[in-house]
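Single-structure report; data block below.
When the chains are written out, they are named A, B, C and D in that same order, and each has its own residue count from 1.
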Amino acid sequence: MENGKPGAATTRICVARPDGVEVRGRDLCRDLMGRLSFTEYFYLLVTGNEPTDDQRYFLDLLLVAIAEHGMTPTVQAARMTLAADPDSLQAALAAGILGCGSVLLGTSEACGRLLGQVQTRVANGEGAEAAALDVVRDYRNSGRKVPGFGHPLHRPVDPRTVRILELASARGIGGPHVGLARDIDDAVAEVWGKRLVMNVSMPIAAVLMDLDFPAAMIKAIPLLARTGGILAHLAEEQQNPLGFALAASAEAAVSYRGQDEGD
Amino acid sequence: MENGKPGAATTRICVARPDGVEVRGRDLCRDLMGRLSFTEYFYLLVTGNEPTDDQRYFLDLLLVAIAEHGMTPTVQAARMTLAADPDSLQAALAAGILGCGSVLLGTSEACGRLLGQVQTRVANGEGAEAAALDVVRDYRNSGRKVPGFGHPLHRPVDPRTVRILELASARGIGGPHVGLARDIDDAVAEVWGKRLVMNVSMPIAAVLMDLDFPAAMIKAIPLLARTGGILAHLAEEQQNPLGFALAASAEAAVSYRGQDEGD
Amino acid sequence: MENGKPGAATTRICVARPDGVEVRGRDLCRDLMGRLSFTEYFYLLVTGNEPTDDQRYFLDLLLVAIAEHGMTPTVQAARMTLAADPDSLQAALAAGILGCGSVLLGTSEACGRLLGQVQTRVANGEGAEAAALDVVRDYRNSGRKVPGFGHPLHRPVDPRTVRILELASARGIGGPHVGLARDIDDAVAEVWGKRLVMNVSMPIAAVLMDLDFPAAMIKAIPLLARTGGILAHLAEEQQNPLGFALAASAEAAVSYRGQDEGD
Amino acid sequence: MENGKPGAATTRICVARPDGVEVRGRDLCRDLMGRLSFTEYFYLLVTGNEPTDDQRYFLDLLLVAIAEHGMTPTVQAARMTLAADPDSLQAALAAGILGCGSVLLGTSEACGRLLGQVQTRVANGEGAEAAALDVVRDYRNSGRKVPGFGHPLHRPVDPRTVRILELASARGIGGPHVGLARDIDDAVAEVWGKRLVMNVSMPIAAVLMDLDFPAAMIKAIPLLARTGGILAHLAEEQQNPLGFALAASAEAAVSYRGQDEGD
């Protein structure tokens, strides 16, 4: 085994046997089917543990918050792919998922790193507001965008952000990271001289961190959620095909310019 | 618009506006977030309606039943892809989804068509057992496999099949299609002279049809479910990389044979 | 090995060893690099043999003919995917390839089957024109489209079809299948009462069959060709991003219609 | 248009019209088909210019050098995907392409950046050997791997590297970047105290830079090349299915370890 250590090849997720399927040490058929919701099962699959009530509630909340956002470029890519190859639902789904890249997932992750950075300074005795201000000023001075701020459509606020924070308060989940998200929001407003839109990526990261979700789930949650949204669009595409019409509208807005035309 | 009718380009799924997101005629932030589980939201996204209790229960049940089945070829493809390109979780997920093809999805769909075929004859006055026997005999005589029977691992029964049918009985969901699935099982045993393994695809199709799920969901449910399972493997792969070891073990089992070697 | 026969796992394509790479029985570094063009190497990789001059000429011709056709839906899907995830060129390429489905590849293959069907009747002593007419009439009478006819843009002819047939004549490749393609063209005109556009898929299939290409290449050639075209668009997208503009134009042409609006 | 500037949406690659297809200012059917090889056409598509003889020669050489390397993880992912979904050649191809990530493409690109870094110092008057030594020492001191060195299989040299450099010399392409690649090779040997394997990524980058290829092609060339190799494996897989056998061998080498087993 060129790149693997002998004996190291173990998995803890699942084994299928002739008479049953064992998942994370549990019997799939006897213990899990009919008892766990899909959300709870997803948490168990990824982490090895069943979620607490709060973890289950916010995992559902976040999945619902980001599963769908209209006729986005990735949804269009998926619908055009299904129009071009109607025989493969999974190919169209894959095409849609492939666009769920750094913009969406990277942002939640980057927010998580930013929150961790401020949190470390607080743990070392600095005040939260001062730490947030200092870190945000660093971003500004080095010409970098603060992750989790700005949105091409939503203003003056991202309504999903507002709602997640509202429900976090209502459920008493206002832990340290949610608090830091608010501090960072204020710091950005002070440093930029105006309030910027805190987009949905920041409260996603903050809530997940306050609820002790593993880092891997910060990436996996938007992917599972968007899979649900893309599948809904593909089910609609099968009944009401838009893919070619979308492509024709887009094509009409592009002009070709040959080599010799005033180059 | 070459392939689209002007005015026909409408979607009913979602629109994002500066101050909110509307999904299926509902306000995402005020009405759906925090109220619906992801499973309920997925049903709403695909169908436009919220599920009944039974629909929600069995949608969760079926998603849990088929999300994960161990180190399958598609899981291996996903893990090898992440090993080869660790920078893109979505690419590895897409690689795994691409193998969720005719074997898995086609089978549930084909089971649905078979159930519909028998059901039509029953609606025309034929007895269910006789109709099932006649249809199954046709398959045998024309040398075709009956969809939903046989499994490379599970025997003498597919434990997921047993459990789904058990829970359908317990919840009183034994509608006409679940009944027909049992009749087809008996017919197959009679025609083949021995009981074959009725795999999980048949009860999936039967339960969905008895609960009035739209046909589009027969395909979409396994895809969403497997996305959850693949993401769990990819989270594990990030912590405990197996992809290259899997590939090395597989490669060691293949020999190269040049043109000139006794061809 | 559940689905494989022990000892049957052999490949004839390639083996990499510490001191060299052997491809199809040849030494990659000493014998192939610097001698073969990529087109010749592709033929060798797929078939195990180096192409004749005519095979090489027409493989190049067909690859050039179908590599690129403007801002098609699959190119748009690829460009939108790169816009959404600029970090992964291979993900955007994959999204574009996924749409190269039944429309494009299925058509060449279906043309191949149609040509084979007519050829079989000719081999059994029927005249070519009569056989073509009979087979085409069957399609018409059973309400099926004859594969290889019709194009959404090109009319009154597909200029690529004209050029391929012209070059086939010029090089003396007018073998039986190219002849049958012309007979089928005439038969379609007679049965439909007007000449339909014979699109590029028919001469692709006919030329490949006259040059003894293996069936697998009928599918593989358009995929390799389009990969070249998509990569060119992605290189342009990196310099001159259109993906989000394409998506915005397309989105503007779609309207959302909620549940309650006169449904 | 949310993210696009009005009027900016132009492409220079291709436009399809009813009576013809124009590519990079040329008539596809009259001017390009039958005249250009696929390699020359690919260069034209990406760059807008036809290649010189040397550019064509080395583009063919590099495509041949890296198209195929045996039963790699990405080839296995592609073959398993085709085994799992035999209906979609393009899905299996996409699965294979998705693994062509940072290892392969990133390395050539990183080599290009390294060569550029050394070249800048030389342009500023430093000696080539001293500049190479200095830059390589920086990598070593900061604990980073020098891109383009090391290979899991090939030793003591990568035979493809040797052959590319040999042919570059033979054709008189030993421009500044090929020379710097040799200087870096020597510098690595000195700093590490032993000669490391200079893998194929370094001469690829050096040759491309000496021949004035645009940066976009450093990424695109391996992707097009590997597409050819993967398609060959998929053609073989259709005739001689290995995908499930590969997966079974790999699965047999992994053990499942439940939660309770000495965790």
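Simple rule for what comes next: a residue touches a chain if its C-beta (ideal position, glycine included) is under 8 Å from a C-beta of that chain, and two chains touch if they have at least 3 such contacts.
Predicted, not measured: the structure shown is a model, and the values here were computed from it.
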item: Topological distance between chain B and chain D, in contact steps; value: 1
item: Pieces of the assembly after leaving out chain A, positions unchanged; value: one piece
item: Same vs different contact residues, chain A with chain D, by half of numbers used; value: same
item: Distance between chain centroids, defined by C-alpha means - chain C, chain D (Å); value: 24
item: Chain centre separation in whole Å, for chain D relative to chain A (CA means); value: 31
item: Inter-chain centre distance, chain A versus chain C - centres from mean C-alpha coordinates, in Å; value: 37
item: Residues of chain C engaged with two or more neighbouring chains; value: 1-3, 9-15, 70-71, 83, 85, 87-88, 90-91, 94-95, 98-101, 153, 242, 244-246, 249, 252-254, 256
item: Contact footprint of chain B on chain A as seen in their complex; value: 1-5, 8-21, 23, 28-30, 32-34, 36-39, 41-42, 45-46, 57, 59-61, 63-65, 67-71, 83, 88-91, 93-95, 97-101, 105, 153-155, 159-160, 162-164, 167, 214, 216-217, 219-220, 223-225, 227-229, 231-236, 238-240, 242, 244-246, 248-249, 252
item: Chain C - residues contacting chain A, complex; value: 70-74, 76-78, 80-81, 83-88, 91-92, 94-95, 98-104, 242-247, 249-254, 256
item: Sites on chain C touched by chain B in the complex; value: 1-3, 9-15, 22, 24-25, 48, 85, 87-88, 90-91, 94, 152-153, 253-260
